[in-house]
Amino acid sequence: MKRYWKVIILPIFIIITFGVLYVHHAIAKNGLPEFELVTVEGDKKIGEQLMIYGDYHTNNDSMWHSFRLTADGIVYQRDLNFFEQYNNFFESNVIQKLIEEDSGFMRGKTEESNLFVDTDKQLAYVGPDFIHNQMEVDVQNKESGDRTSFRLDIPERSKYHQIYVEEVQMIEDTLYAVTINYFGENKDVMIYEISIDEEKIIDHYPLMELPFLDSVNVLSNDTDIGQKEQIVVSVDHIEVTSDGHHLAESEYFTYHFETKESKPITFPDDFTDKPEDPFGAEDYLSQGHIVTGKDNLYFINFTPDGLTYYVYDLVQHKFEEEESITLGTSVLEGLYGIYPEGDSLYLYSQVNENGIQFRKVFMVDLVNAENLYEGEIRMVDGDETNVYGLEIFRIQER
Amino acid sequence: MNYIKLLNFELSRFIKIYFVLIIITIISQLISTYSVAKNYMNQFNLAVYRDGISIEKYVEQFGQVSLMDLQHSGWFNLPIVIAAVTLLLYCFFIWYRDWLGKNTFIYRLLMLPTARINIYLSKATAIFLMVLGLVALQVILLLIEGKIFKWMVPANLRHDYSIMEYLANTVGDLYLGVLIPMNFIQFLIHYGIGFMFVFVLFTSILFERCFKWKGIIFGVVYALVSMSIFFIPFILEIIFAKRYLYPMELFVVEIVLGLIVTAMSIWIAHYLLNRKITV
Amino acid sequence: MIEVKNVTKKYGRKKVLQGVSFTANKGEITCLIGVNGVGKTTILNGIMNLTPMTSGEILIDGEKLTKESYEKIAFIPDAITMLPHMKIAEAIQFMKDFYNSWNDERAEELLGFFRLKKEERISSLSKGNVAKVNLLLGLALDVDYLLMDEPFSGIDIFSREQIADVFTSHLVEDRGVVITTHEINDIEHLIDKVVLLDDGTIVREFHTEEMREMEGKSVVDVMREVYRG
């Protein structure tokens, strides 16, 4: 037996060391504090519906711990077991729900919510097929479960070196794919009309042609893949001077798929606080923000103690009165991030009052210009004198 | 039982070099820890007592000392590199040493009244145990190094990490994040893949030993085929520019493919050792 | 009985053995004779499954070689198969660990017979003593068959005599021995059967006694006939 000490000692040493390391780690889960969201003002139910993503870190520590905070408590990514970690911790809720509902349909699809449209009866997807240089279409009847899948050759494909699908919509049995097609020094914003019955592109036309540098966006709400008749497009015209890139002009318009009508959004004369030059702004909160609601667009600017915004009615195609919401100077001074969701806006601010930091979450209703909710993220049984940081990077409804 | 005897024998054959590696690692890392703590305290003393900087200011400017500071120390990393390179080379040498000389030890091994695959398995196990043994030593050393900081540096000047906290911060670190994963399943995955590679390498070496010059080609081809099988979901993903499998499915598929590659390597080794091996 | 049936061995295009067939019986000493490089060692390696044969069949007591066969047949190559840094005692321990057929008493007897000290390291032994240890490691196994490859090559005269003495002793008695050599002088009187090899084939196979009685020729006489034409 004595001769076999190596075969005995080495495995025992390994098993004990790693056993203690991992078992201890699993049992201890020490160090990371519990947090809770406490309602300060407003409907408690709003707080219960929230999901807050963020990172916790202590001062003088390079360690960041991602977490997910809900009314059920805080979950640190670190403490999830391997299999839970394997599923994306930060997966977009919309996509996650679609996968849970029908993983077969979602298989192999590009996981971007703007490529999907969910009418009450059908779920449709138009995505790029980079291998065949085609568009891939998949439509599922939600009741019968029948699927129509086909690939489409893109007209004049050879003209373009890259095509990206920006937005997909569906009206009756026609799919509308909005794409940005790059060629040479320019790009086309294209609309492709796809007949689901005929499985072919029945019409295509450019919405506009832009220089390569200009930035074009289809404004949409990432969490809403419902049916819409029109889209809002923003274009930033960029001008190049000797000292760099500058925003020359921003332009906004709506486009209605059926009428094929573009309507420019013209700002009222007194609308001075237009969104600022993204290349010039010092930080993103001092810029203007555009939030896409269900039937409205909100052009938001921050003031020293709150926010003011213009509402553009997408149905009536007109601007309404300027609105404002007051949150307080200290809230704005500590404002860390804003997180739009539909016609609501969530805000996170590290409010400093008499040298004590409060971590506050607000929800404002942009339709009624009301501050609906104020909550505070508090350490449970914590030593609040301990210096730590909470970075929030997403707040959304559960 | 013959497998255990062979394993013991394989361990014995490397044990001297192994102890040297262990001693180098211990000495080098302890020196590193001592000097990092010492340097920090020297600088601190100079700044605070000679230049009159306040303690708070010093900490603010230069930070606290912690296990993290070891990462940039050559004395800390060098033994890890030496051990890794030594064990990697030994993966080859563990086979080729038996063919060295004129009439050689491979005669004895092949003529043992035991299944020849035991030779292969015992050599593989020896490598696994020696790798894991050194990594376990590193875990223990990190604990000791933390203690050394506690002895040498006052609490307000140092930041104490538990091993897991330390590892969480070294995720991007080439050595430790890979060697000591944060959770047990990850550990199984890292070492599962590592040992699969060892099996593939061993079988490739046996191809060379069986077919000499032609065997080098067979061995390389075998390694490429094995890797293609293991990475096939990723290869398909690149070819079709599509992620067809969901993460959990991919994980299961990879486990199955890893097991297939490992089983295939062992089975082919079994065949080669019984039918094709030559002294 | 060891049966080698129509064995061929090719290295690439080069044929080392071509249709080699012979048998070696228990209780007999069979000697494979041929100049160097004629394939004698390859035959022994083939019998022990240490190198694959291109074609043909090798049977031991009517069966193919398995791992259990190594308890029944031992091979003593022309150099020691233990690690040089091992002590004789360690080499013996190694054999004892793995072979049920290891006979400790016989090992002790051989140690005495060869005047070897257990504590000595193999690397510190003279060539002759290394050969003796090598022989010991094979002879101390209770096996039915013993294969020896050039047991006398490069060894001093006294060691040769000692080794030759083994063949007439009870240490070999009853076993089937296959021995290869390219110089017959030391053992001519010991061997029962001769297989003469040339160019990868068997040119003559005979029993020494019959040859002496029937044709009045010694092994060396036959060798002269065969190799000098």
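Chains: A, B and C, in written order; residue numbering restarts at 1 for each.
Heads up, the rule we're going with is that a contact is a pair of C-beta atoms (placed from the backbone, for glycine too) under 8 Å apart; a residue touches a chain by one contact, two chains touch by 3 or more.
Here is each chain with its UniProt name: B = ABC transporter permease; C = ABC transporter ATP-binding protein.
Since the model is a prediction, treat every value here as computed from it, not as a measurement.
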| item | value |
| --- | --- |
| Graph separation of chain A and chain C (steps between touching chains) | 2 |
| Per-chain Cα centre nearest the global Cα centre, belonging to chain | B |
| Selected pair, greater C-beta contact count between B-C and A-B | A-B |
| Chain A and chain C: spacing of chain centres that average the CA atoms, whole Å | 81 |
| Whole-Å separation of chain centres (CA-atom averages), chain A against chain B (ABC transporter permease) | 40 |
| Length of the line joining the C-alpha centres of chain B (ABC transporter permease) and chain C, rounded to whole Å | 45 |
| Residue ranges of chain C touching chain B (ABC transporter permease) (in the complex, touch as defined) | 45, 48-52, 67-71, 74-75, 77-84, 94, 97-100 |
| Contacting residues of chain B (ABC transporter permease) [partner chain C, same complex] | 2, 5, 9, 13, 101-105, 107-108, 110-116, 274-279 |
| Chain A-facing residues of chain B (ABC transporter permease), complex | 4, 7-8, 11-12, 15, 59, 63-64, 68, 129-130, 132-133, 136, 139-140, 159, 162-165, 168-169, 180, 182-187, 239-244, 246-248, 251 |
| Residue ranges of chain A touching chain B (ABC transporter permease) (in the complex, touch as defined) | 3-4, 6-7, 10-11, 13-14, 17-18, 21-22, 25-26, 28, 30-31, 60-63, 65, 78, 81-83, 86-88, 99, 103, 107-108, 129-131 |
